[in-house]
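Presented sequentially are two complexes of subunit A, the first with subunit B as partner and the second with subunit C.
Here is the complex of A and B:
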């Protein structure tokens, strides 16, 4: 059916000279939807995401306790944050956890993804089990690990040779370790999936050529597979970074930012200031800092991944 | 070409299987044992008692209500997404206008707006609108935050529709509306099911919006129920894990029926 239509097309558009695009439909606007089709979604999204985004900037210059009306206070919130050691500590911790996450999850998910892209016999069963952490909400994952790592009734109480006194939440180093481990546990399957898809897409010809040249498995991995995964690697890492910057439930449930403020990451600090300390102005200022970080990264995403260039492939020329 | 099995990668994947499998085993085993059995024999042992009490106790502490609330939120979010995203994606793929491409850029930027960043003004807006502690106040922002990714996934699916089909319909004098209903919607069923699964997961697992925008038991959702259960009866680990298992049952069911859509949607995120 499709081929018949294709062959009918040139007869309908016998104009010469307009060859840079497929003829007929692109040249005219006939049958093309106007922007009105996109409008309802855009208005809805603007109302619940863009308007609050603008408001957070405004609120960061106001003092608001959540009950009385917000009051303009200039740069007070900002200057207070500049003098706040917890703020700097929270930025440092956020970065540390994000970098830890990327450093641990990237190699792990590449290796697992490449392995899963092959055709092992038990792959189907294994990938179902790999998948389960993905289906659990961050809340469920955090509650689960909080229970499993309970110093008195959890796994550490049984494996004292590994965990010592078992109170992993009582010290900064181990608490951060737990947070990094739990994020890894939860998100590695997702990134594995990304790499699995990408590794499947690597042209087999490359491996066959390498085989003929006598390249071993590891040379093939480093010289063919890894370079071919470059784009996925960038996308996956950016998702990890954005995810790392905005981790919240994990900290709220596992450590409540403690011991002390030793695991108080920025998103948690924002929540703590705003909704526990009723200092919504300062909370907004922290949130704005998060937005700026996330926006910079999103611009990188759009540039690097080429999402914004989709227009060029739109008519399926290739 | 027969290749030697990759023992190193195989061993690594088995280790990972253990890391994922052991916690899942402990969780499932704990939910069918008595509290005493769990405390005395430790989490990793084989259960020597069998009880369903942990599941019933979850229901006794209000999980039935939380389930109904979460279902309601999820259904409404899916409804809003299905109403708004297909026309949006259609315009993104087919429209030639500047306004549409500006809107597309807006949604791309929206991909990176974290919910935490807007939670304070959201709290303000929802309170001012009189929707605080009302499920509608959770539904609207949750749906809004599903839009960017859904638009990206669905417009990706719609790009696969061959341009010849549009041209054929255009020659028949079809309006954009007719093309949308007779061509685009039927041909993007795969993409549609992906965005349904995706938004359902988002809504079902949502935590921050309900945490900040609701208060009373009658508007509590499952994730908040878990959080509260943990802070209130933290020592009752088998009961808590029973609630965790219950919270994932619906997601598992959806997964069983929509595995393909979910996997494709998630893979689509990675780009090519």
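Here is the complex of A and C:
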């Protein structure tokens, strides 16, 4: 029996290789901050995130118009949402906008980020210019684009060969296109920054070795840079997904969910129900569903990508 | 950075809800803390008109023991903020509103003071105002608001030069309007500018046409809870007429991408790219600000055209009747509030409002119009409102606030063809009426 146990151990060894830890010595204990250090942040987080979240959860089972006292209605709000075609449309639109955002912004910001990590002439100047959209608030950006895209006095009036009658906000496809474009315009700089930092961290020895082996710029990019950016890519994509799921200001200012309900994404639908329709119960239910969905999707991305295991991108370097 | 901040922001929205909830929960027992400081808090919509309100408050405070404090909230947020604080200790004593459906839920929640006691002691609080205006803040037979600021009828504005070049007269009837649409189209201009991106300008066509075709009764029935009104022959006729106008190309093709609020449709008319625009009386001062020389030379205005065979009196008006001050039941200083409200029909008030382009609705406004900044325009508006047998309050203000979003959606969808007549009728029937 004892032999069986001991023989099982080495087999498990390699699988748990990454979990191997040095024995806790008094030296490491001294340097490690105690729980007390996290207390202010924890209290803050509990007060401003957890407690409201719980209250929103409670509110989602109530009927409340903001004036009279809330009334407990059980799962009424939830079952009504389940039968609500606009809710399903909003989920579909939210996913569509999120996927569009990730699909467009990721390649764009990788290319820009890697480029900005180099040391070409004028690189710094151009990088600063690219960065400007991020410095503007989403509100300012939306107001700006709404004016620029005015069909009679904006860009569409000058480029009728491209925009036709310029009814960008009057049709679903083009309205969604504008929303995707505006968030890309605003947030690509941020993700570019992530990739720029990551690309700078790629050890130069890898490129030197590749050059000796005769690899060209494109091979270097696809076989060294891109794999080395893996962790940053996941970070950036999680941010994009969570950001995409909770997009709000751009829709509020650019389309107000219209025409009709054609761009009513879930976060806007929550606002529409709670603050325009004064149905805070249903609004809370949508908000809660969004929080749950965003959390699950982030966890899945982290899991599937192996980000949680923190596999090193330093493989083959040392 | 921005991206990451979004999730917490969503949660913060929740926190606001939760916070408001906890406040309303404890608000009942200990009464209004803010009204205990020996002052009256007056909450108003924050905009350029505030300077008149500040002056009135200063005048009042000179003689009164109980002082008035004026609190302003920037326009776009006003309604939401009011709704959030009205049942909390932060609620004001007196607040600005649009009468009609905008105060109904508060009356229902028993938050407002009926003003008949004030009026019994001082009848001038009622009979110093035009009745059609005063009556819009009457809920269930009791008055809940005193008119303040100015009336805002919706008028059909036009570019005189564009109309002249197309050989068109300002239309007096619906057929003349349709005829004008054809002629303007032939000239290559958009016949009617419309800021469909904001939706409420689109709604103005509905509220006027329904009134002309069916008279004020139909909408009154509908807003009173009788949903069959929407499927009546008159309702369908009005919808057909709107359909006909849209299909004739009266508004061009891209009206839903145009906004009034960013000056888009305003510029269309001023630059001669469009002939007409249906808009509230504030349009004049908007054009004066944005396109001064056009407003002074070529901006024309008429009443909404009449409809042959329609049941509505062609003299009927639609728009925002006025704004009102309503009083909270919990106020600790009702006498002082009553004194303050008397200022709303004072000569000083009327003059000050006229000076900034507002048209007050007191019975003595008439006397001061000649000396105002734009006497001709003020006179036209005043006569229009004073002679109107009925003043239709904007649909989205007449319905409870919570209906406005769904109403706007239905209106936009019917206008651009996403909803047919039956779909629109169903959508309007689904709106909450109380």
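Following the convention adopted for this analysis, the second predicted complex is superposed on the first by the 252 of 318 C-alpha atoms of A that agree within 3 Å, B and C clash if a C-alpha of one lies under 4 Å from a C-alpha of the other, contacts with A are read in each partner's own complex, and residues count from 1 in each chain.
The rule we apply is simple: a contact is a pair of C-beta atoms (placed from the backbone, for glycine too) under 8 Å apart; a residue touches a chain by one contact, two chains touch by 3 or more.
Note that this is a predicted model, so its numbers are computed, not measured.
In the superposition on chain A, A:126 contacts subunit B only, with no contact to subunit C. Touch criterion met: A:208 reaches subunit B, while subunit C stays clear of it. In the superposition on chain A, A:87 makes contact with neither subunit B nor subunit C. Residue contacts after overlaying the shared chain place A:48 against subunit B and subunit C alike.
In the superposed model, A:179 lies in contact with neither subunit B nor subunit C.
Of the two partner chains placed around the shared chain by superposition, subunit C is the only one that A:166 touches, whereas subunit B remains out of contact.
When subunit B and subunit C are set side by side, the one touching more residues of subunit A is B. In the superposition on chain A, A:153 makes contact with both subunit B and subunit C. In the superposed pair of complexes, A:240 makes contact with subunit C only, with no contact to subunit B.
When both complexes are overlaid on chain A, the residue A:251 reaches neither subunit B nor subunit C.
When the two complexes are laid over each other on chain A, subunit A has residues 48-49, 51-53, 55-56, 59, 64, 66, 70, 134, 138, 143, 146-147, 150, 153, 190, 239, 242, 246, 248, 267, 270-271, 274-275, 280, 283-284, 287, 290-291, 294 in contact with both subunit B and subunit C. Interface residues of subunit A, counted against subunit C in their complex, comprise 48-49, 51-53, 55-56, 59, 64-70, 134, 138, 143, 146-147, 149-153, 165-170, 186-187, 190, 239-240, 242-243, 246-248, 256-261, 267, 270-272, 274-280, 283-284, 287, 290-291, 294.
The touching residues of subunit B, counted against subunit A in their complex, run 1, 3-6, 9-10, 12-13, 16-17, 19-21, 23-24, 26-27, 30, 38-39, 42-44, 80, 83-85, 87-88, 90-97, 99-101, 103-125, 140-141, 143-145, 147-148, 151-152, 155, 159-160, 162-171, 174-176, 179-180, 201, 204-205, 207-208, 212, 223, 226-227, 229-230, 234-235, 237, 240-241, 244, 247-248, 251-252, 255, 263, 266-267, 269-272. Those residues of subunit C whose C-beta lies close enough to touch subunit A in the complex are 1-4, 6-15, 17-22, 24-25, 80, 83-84, 86-87, 105-106, 109, 111, 196-197, 199, 252-259, 262, 264, 267-268, 273, 401-402, 404-406, 409, 412-413, 416, 418-419. Residue ranges on subunit A touching subunit B, taken from their complex, read 2, 5-6, 8-9, 12, 22, 24-26, 29-35, 37-42, 44-53, 55-56, 59, 64, 66, 70, 108, 111-112, 114-116, 118, 120, 126, 129-140, 143-148, 150, 153-155, 157-158, 185, 188-190, 193-198, 201, 208, 211, 217, 231-232, 235-236, 239, 242, 245-246, 248-249, 252-253, 267, 270-271, 274-275, 280, 283-284, 287-288, 290-291, 294-295, 297-298, 301-302, 305-308, 310-311, 313-316.
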